[in-house]
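Shared chain: chain A. Partners: chain B in the first complex, chain C in the second.
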Partner chain A sequence: MGLLDHIWLGIVTVFSADPVFSIAGLPISITIVMVILGFLFGIFVGATPGIGGPFAMAISLPILISVFGFDANALLPVLGFLVGIMKGSTIGGAVPAILFNTPGTPDSLMTTLDGYPLTKRGQPGKALRVAHFSSVSGDTFSDIVLITCAPFLAILVEKFLDFPEKAALIILSLAFVSAVVGSNVWKGMLAALLGLFIAYIGTGEDGHPRLSMGSDSLAAGFPLISAVLGVLILGEVFKSLEDMWREMKDTSSITHVEVKGDNKLHLSDIRRILPFIGISASIGTMIGALPGIGSTLAATLGYATGRKYHKGSPAFGEGAIEGIAATEAANSAVAGANLIPVLSLGIPGNVSAVFILLATETISGFTPGPQVFRLVPDQINQEMVYAFGLFTTMIFANGLNWTLGGIFMRWMGVMIRIPKQRLLPIVLLLTLTAIYVQQTTMFAVYVTLGFGFLGYLMRKLNMSVLAFIIAYILANNLEEAMRQAFAVTGADPWFLFAGPISITFMVLAIAVVVFFARNQKDLS
Partner chain B sequence: MQKFSTAFQKAPWTLGLALFFIVTSLFTLFVWIPIDIETGVIETFRRRVTIGDAMAPTIMTVGILVTSILMGLIAIIRPVSAVEGLDRKSFYFIFRLVIAIAIGLALMMHAGPLLVDLVNALGGEIGTYRNLRGTYPYKIFGYMLGGFALIFGCIGVVENRFTLGSAGVSLLAVIVLTILYEVPFDNMLLPPNGNN
Partner chain C sequence: MSKLTKIVMPLAVVGMAATAFMATPAKAEWQPKGPISVIIGFAAGGGTDTQARLIAAELKKRKGWNVIPSNVTGKGGVVMARKLKGLPNDGLTIGMAVTEVFGYNMLASKKAGYKTDDFTYIATTTSSQMGIVANTSKGWKTFADVIAAAKKGKVFKFAGMSAKHADINFLIEQKYGVKFNTVVLRGGRKVMNAIIAGDVDLGYGAGIQSKAVRSGKMVNLASGLSQRLKISPNAPTLVEMGIPYDIGAKFIFVAPAGIPGEARKALADAIGDIINDPSTKASQYVSKGYGGPDVITGKKLDAFIQNEIKIAKVLMKLMK
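After this line comes the complex of A and B, so read on.
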């Protein structure tokens, strides 16, 4: 079976497997329904300040798994819903930034600089249309790069990397994430090492579960979903609740602006913003492909680059549509590219990618990594079919973004009225319930809360939670690669330096840490 | 000593963190790992040399130890002021939040069985909670009461007051969540009904 057969099978699986109803005789599959639902939910949460796409993905995942189960048939509906959230939330984030000068997520902070002045001039409609067009353009560009690059990168990895090189690559990725995320390289490394250490509790190859302190509950280690949701979601909930308690900001003071003047997006406007979208989409895609660097940096770099090239009036920061375009195209272009390291290497680079990987780890039938794109003569590689099914859901969600996204986006201004201090405790209960429903034991709830307080402490101490979580997820892969590498090199203790590629990865890992440690002051 | 006190004034939490990890990693390295992992760093079985279960945790612990020492030394040699850490307000807030969550979870766990005991005590003779945990209202009583207390308590901790509005929001939220899990899915068990 060739590549085209796998692509076609992926598309057919998404559109025709398990139809739930039909419209005019056309069957609508469960995957398509889930993408649409996820997309609507994504716009909703993206437009709610304080709740972003990752929050929604975290809360949804245990519920989805409880509904669809763990077998391979669940894969595309679950991934479709998560992809829908990812896509919907990228456009929703600009809404509160433009209408209320309140960035829904950190990456839409730069959108407020030009979006809100336009709103004050009576042109919120134009600002929202520019944000929508730029965001969807950036996202689509990024997806095209993902779909064309990930398979080739995976084939290269499969061809050139053996176990020692794979172990060295994971070490390089962790070193990169530790060094780049956060203001202190040493704290980033501590977070990653701690994540690795905690992941090794209760696992191992020996009959005696290591480091479990004799506890039966710990014999299989901490539940992965509890660790991820605890540190990423509950840690953020606790920290945000404390921040609100300290500030007690009044969110009810919303100014209403009279809509006047030109609120449409004309062809001449599109011509003006296209160069900025092109530059920012490229920046966002490049940044998205690197592990650990998020959409906030992409938005900042996109905006700064756009400002450098912008001439004429209004200037950036005074209501220039080019400013909105530069920011939104950059931060949205990160989403697709983030999946490049996940699908080609099995290494997640950001929080959204963590949840995609978590879904595939929980549901059987698909393990992201270079083997996904391996062609076997006269056989169907089911994992490749799923990968192209995933790409199909992304393209379909992009289609929804282009056609319906703008309309739904403009309805979401009302979300600013939801008081965050009342919403986050509901998120807390929803997360704990979702964990319990999946694990059916209070131990998992207590573990989640424990990791939540760990996540809170790490945030208070400026330790990178992303480095911790990525390390936690990759810990078993790293140990397995090290065991295999040790075995295939004939018990060579220097197996990480056995070949030129692994030596290059290890040298790069050390260089990244040294470079960022020396420039620490600048970063902070 | 002068440098240490300067560093401690500027970034006490960074130094404290380094010291904490140095102590815990030494304990892990010399006490926890030796007594709680049965295979060594390297294992030899019938002349086949393999990596033992202790290898990965030992490397990580040594990594934590070395990184903590480096972080501590750099903080002393090049002290940089850092806005980080917990103050008295943080401890006060977390203490109150923990109480709110603990009350919510305790009610969630025990309110259902207590209700059954109460009905039995009043002469109802309805049996044990274990037998009734698939029956309304017992199956959702603990979750709803505990969930309400958890949300209402957390909102109260943040707003520094308990209002009718927040009670309404909490009640509505817990009703919606119960319906979300109970109505469409027969196989889902709300807390504490899945516990054996």
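After this line comes the complex of A and C, so read on.
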């Protein structure tokens, strides 16, 4: 079976497996329905300030798994829903940024700079259309890079990475994430080490449960989903509640803007913004392929680069459509490329990728890694079929973004009116319910609350939550890779420095930390 | 969208999820009072994992039982057994592993942390087709070729799935005066991936290799059973190679000790019916790569486990 057969099977699986109903004789598969639902949910949460795509993915995953189950048939519907959220929320985020000067997600902060001035001039429609066009272009570009690169990268990984190199690569990823994310390299490293430490409770190959202090509940380690959702969601909820309490006196009202002047997106406008989209999409894709940096930095870099190249008026920051294009193309281009390290190595780079990885780990039939893209003569590699199925859902979601996204996006302006004090308790309730639905023990709920408090403290101390989460998820892979590399090299204590590739990874890991730590000093 | 629907919609999703748990038909025999979790002792994608998940899906279909699989890997199933021991014995928590987890692997671990009678044994599903496997491209025909090359001083990377495999390798090293770098991976699928990727030179396969052997990509170099493997009659047994031991194992469902008798019977009957019904995916899976349906339950199973321990002790003595 060749590559094309697998691609075709992936597409067929997405569109025809398990049809739920048919429209005019055309059966509509469950996966397609889930992508559409996820996409609508994604736009909705993206446009709601205070919650975003990762929130929605986190809450959905446990519920989806208890609805669809764990066997391989559940894979594409669940992944489809998550992909839908991922895509929908990228375009939704620009809406409150443009209309109300409030970014829906941190990475649309730069969108406010040019989007809001346009709104004040009476051109919110134009701003939204530019944001939509740029965002979807960036996203599509990134997906194309993912689909063409991931299989080749996976083959390279399989050919050149042995046990010691895999261990070194995980160390490099962790060093990179700790150094790049967040305010301070050393705080990032601390967060990552804390993640490793907590992940090592109760796990491992010891004769007795490690670090459990004799507690039976700790003997099996913390439930993964409780730890991730606790730190990521509850931590944020607690922090927002505190912020709200502080800002109670600040009662800014939403002003109504009169729509006037040119609100269409003309061909000449597209010609103006295309170069900016091109540059930003490339920046976003490159950043996405590296673990840990994420869309906020991509947006900032895209905007800064765009500003450097921009000539003429209006200038950036005064309502230039090029500014919106540069930001939105960059932050949207991160999502697709972020799946490159996930699919070829099993290493997640940002929060959305974490949930895609968690879904594949919980549901059987698909384990990200080099074997996904291996061609076996005369046989179907089912994992490759799923991979192309996943790509198909991404392209389908892009199609939704191109066609319906713009329309839905313009409706979502009302979301700003949802008061945060109503929203946060709902998020809290949904998270705890989702945890209980999947784990069915109160212990998991208490653990989630505990990790929520940890997440709150980390946010107060300006420690990177993402470094913690990624370290927590990679901890056991790291331990396994280290033990196996040690055994397979015949108990060589210098196994990490035995080959040129692993030495390169280790040197890079140290270099990344030193480089960012020094730059930090310059800034302060 | 009105304000109300905005709040109601997500709640409806949760509600739907909650009702999924209530769909249990009323019958006279033992019924689980909630979802059953199956803790699988090996990594996702391997033989144990695939069987457990196929059976879980079929239990849901036939009985309406909600079966939730998860993987707890490490030390060839020992980590799972240790965890399972302390969990509630109400029939809602069961584990799946291979019989050697309750025989050789338990005895060989310095501090396994559990004993034979910490468990109630529910049912076996099939027997392994244990072989020593390598890529055909290595040019080896049988295990004798590997030994010949190793005697010239080559140190091969050799992947097993449990402590037992590491110990067998030690016996081979002793017998032939060779050296292997043995690494224990978490399950058959990981061993297969490591062999294909060239990360190791050879490894143990419990039957998961059958497809690749049939297609000619891989070769069974030796049989780990007391007789030669069905698909590779040319590969000698370890016994023929002077390692007098059958390292075959059976795949087995277990529960913490003392689960209600009717729960043990209901679970064993349900699993047995699925494996013995040739129309199920689980049955077809164990017939294609493994020894076909081989269901042992009740007192016979207890006796089988006792016998495993007896044999394991013989090998342990041999090691000393």
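Definition applied: the second predicted complex is superposed on the first by the 515 of 524 C-alpha atoms of A that agree within 3 Å, B and C clash if a C-alpha of one lies under 4 Å from a C-alpha of the other, contacts with A are read in each partner's own complex, and residues count from 1 in each chain.
Here is the rule we use: contacts are C-beta pairs under 8 Å (C-beta built on N, C-alpha and C of every residue); 3 or more make two chains touch, one makes a residue touch a chain.
Since this is a predicted model, take the numbers as computed values, not measurements.
Set against each other, chain B and chain C touch different numbers of residues in chain A, with B touching more. Of the two partner chains placed around the shared chain by superposition, chain B is the only one that A:Leu194 touches, whereas chain C remains out of contact. Of the two partner chains placed around the shared chain by superposition, chain C is the only one that A:Pro377 touches, whereas chain B remains out of contact.
Contact with both chain B and chain C is seen for A:Thr440 once the two complexes are overlaid on the shared chain.
Using the contact criterion defined above for the overlaid structures, shared-chain residue A:Gly204 touches chain B and also reaches chain C.
In the superposition on chain A, the residues of chain A contacted by chain B and by chain C overlap at 66-67, 204-205, 207-208, 422, 426, 430, 433, 437, 440, 487. Those residues of chain A that touch chain C in the shared complex are 59, 63, 66-67, 69-72, 158-159, 162-163, 203-205, 207-209, 216, 219-220, 361-362, 364-365, 367, 369-371, 374, 376-379, 414, 418, 422, 426, 430, 433-434, 437, 440, 480, 484, 487-490. Chain C makes touch with chain A in their complex at residues 1, 6-7, 10-11, 13-14, 16-18, 20-21, 34-35, 44-45, 49-50, 53-54, 56-57, 60, 68-70, 72, 74-75, 79, 82-83, 86, 109-113, 155, 157, 159, 179, 181-186, 189, 193, 196-200, 211-212, 215, 217.
Residue ranges on chain B touching chain A, taken from their complex, read 13-14, 17, 21, 28, 32-33, 36-39, 49-57, 60-61, 63-64, 67-68, 70-71, 74, 80, 82, 84-86, 89-90, 93-94, 97, 101, 104-105, 109, 143, 147, 150-151, 154-155, 157-160, 166, 169-170, 173-174, 177, 181, 185, 187-192, 194-195. Residue ranges of chain A in contact with chain B, taken from their complex: 66-67, 184, 186-187, 189-190, 193-194, 196-197, 200, 204-208, 210-213, 238, 241-242, 244-246, 248, 421-422, 424-426, 428-430, 432-433, 436-437, 440-442, 445, 449, 453, 456-457, 460-463, 475, 478-479, 482-483, 486-487, 491, 517, 521, 524.
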